[in-house]
């Protein structure tokens, strides 16, 4: 058997004295020695003796002694302009999604959304870093062979074609940060005992994307989406599978309400995990708040 | 001694005279339980590691000791293909001599992992250090009494220049970088290392035949400490024994009898830790505790939970025990003072 | 006054009370009014109901814990939010959303490789080797890329973990394989006998993964 070494080691300690507090020690050369600044705070602070180095009077980076610097010769391209307020979408590729499906990490018999991808524990995003959900990328679009109902936050045309070719459906959907927090970790959210939040309308600059039938936006006209499906099939040259006679048609056509964030659960409901029940308030003002979009 | 004494000098973990002498003193515990070991080893070698085949043989071997042998075969979660499940006797506590009730499958990922002694050391060091607070404190040159005046003029005396009698260069001066105030050595070991530490500790206990599995502690007939001491003596459990049950409400007999004996400790399954396992010579677990611990460790190995960094959410306010009024530097007098 | 209220105030759609119209800094009169009224939130009153609902949920849990204690103290909370329905039917949707604590069991696919190119470990091929590499809990090979940034440059490593059996035999085979396929003159490897892992210098992740798959790991 291949794992003989473990057997040998265990057999070895059988004959040895008992493994106890007095005879365990770390591996040699693994002790971490903490570096202590013996100079304290007063003297040279690790900057050496005298001169430019000690006083920190270096020329600024890119200064060429008065000569017109090289960096000025080319125009500026501000890659990081407005970085702090830009919306980010950490990517998942089609290949990774296919691997998750192959290894039974996501359930294909139910609609897949950001919660089912996060629940695998293999994908994570941070709301504090302006992450707004999944960007599904086209790596592995040729190998993709699953029939799914998918909901992501951002995609490209090729990805939509790859999924619809296999008879699946896809929607792009915006969630605001409080909703994303609930979707990212539903268990801790339900433990708080807060009402399920309603999803806000997308901000102005993304409204065009999420109401575009070409990107299967969730605010797009459903009839125009059907047209766009056929157009895309013609463009990429595949035959669109007919959904009418499909045995899983119901699952493939399941959609959330624009205000809804979990399938089957309405905004405003409160989940009680200890008693395994749902509290549905009937107050008029309350319901009006949770059923109006703004 | 089953082993040649000369071998011990070679095989000891840290080769030190004191340790070897200690081992000679404990010769009684060193050679304990070889009979049961040999028995289980014979079983292991002859039966090709199959629980269904073991059933028959174990009933044959236990027929002499008990009239009703109970063979417990368990369905192990997360099975592995490259090793085989380990076997352990299920014993009872109702008499001084050990009665074999049956034989158990133990998961090899918990009870037969590679003995990482360094991981054990990391765990023990963490357990000792995270609650240790160093109260050593040395006054600085500013805090020492005096030393504000220049001891003698800068020039004209032919002596070395000095500005303070509390300078670190002076006798009865301050220490330059002395220990300052209470220092916390708190840190958190990674979750995976903590889990592995427990699995290694249990594997070492099993390999050295220091792991005893009993059906339950309820069957202990007497609360007499001497009965328990005799039982430990006859069963070669050594001087210190750790009893682990799945709940923290223990039966009265075992609570009374172990409190009467030095070195015998009780512990619920949620309190099981590497330090206590290594501190005690023998680990006695009930069947329920064993299943709970094994399940917990296996689930930890196969969890989908993201490994998050430890963040202490406690604020200094959480440690205040006194009310705010008592902590005040001065007291507001509601009534005028009458001298 | 009537004209003033028409320009400055509006009735709330939810509670029919008077609220200030949306902020407009051009009208100084309104500005003063806005300050005096301490800023009405549009959904101020509904928010208070949300917090009440939270209280109710907490109360429900408390009652379930202590069945014997009477609920006379929380009576006024009940009065404020009477219309309230408890349903157990929709809880199955909650259970669908909750994550499974452990990695789900593998449903062995019929054809290999799967569409994403995954192979299961091959036991007959494994038996021919002196060594063995266990899969991770996610059924993947424990082959990891590492990168070290230092002042003298960037160094890439590939580490293979969870090795059982003869670790030196694996190292020798790996070394030979990397030399043969890449045509390098030498390859640097490190073997950790206690930690049971090997570290190879260079960007050879795919190469090593293929090497292990060929040996049925």
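Of note:
Per-chain residue numbering starts at 1, and chain names A, B and C are given in the order in which the chains are listed.
Criterion: contacts are C-beta pairs under 8 Å (C-beta built on N, C-alpha and C of every residue); 3 or more make two chains touch, one makes a residue touch a chain.
Just so it is clear, the structure is predicted and the values come from calculations on it, not from any experiment.
The chain with its Cα centroid farthest from the Cα centroid of chain A is B. Taking the mean of all protein C-alpha atoms as the reference point, the chain centroid lying nearest to it belongs to C.
Chain centres here are Cα averages; for chain A and chain B they lie 40 Å apart. We define each chain's centre as the mean of its Cα atoms; on that basis chain B and chain C are separated by 33 Å.
Distance from the chain A centre to the chain C centre is 8 Å, each centre being the mean of its Cα atoms.
In chain B, the residues that reach two or more other chains under the touch definition are 82, 114, 118, 303-305. Within chain A, residues 2-3, 5-6, 27, 119-121 each touch two or more of the remaining chains. Multi-chain contact residues of chain C (touching two or more other chains) are listed as 99-100, 103, 132, 164, 194, 196.
Residues 1-3, 5-6, 9-11, 13-27, 30, 36, 38, 40, 119-121, 124 of chain A touch chain B in their complex. Across the complex, chain C is touched by residues 2-6, 27, 95, 98-99, 101-105, 110, 115, 118-122, 140, 143-146, 186-187, 190, 193-195, 262-265, 269-283, 285-286, 288-289 of chain A.
Of all residues in chain C, those touching chain B in their complex are 99-103, 121, 123, 132, 134, 137, 164, 194-196.
Residues of chain C touching chain A in their complex: 13-15, 43, 45-46, 49-50, 53-54, 56-58, 60-61, 64-65, 81, 83-88, 90-94, 96-100, 103-107, 109, 114-118, 126-127, 129-132, 138-139, 164-167, 194, 196. Contact residues on chain B toward chain C in their complex (touch as defined above): 81-82, 114, 116, 118, 299, 301-305.
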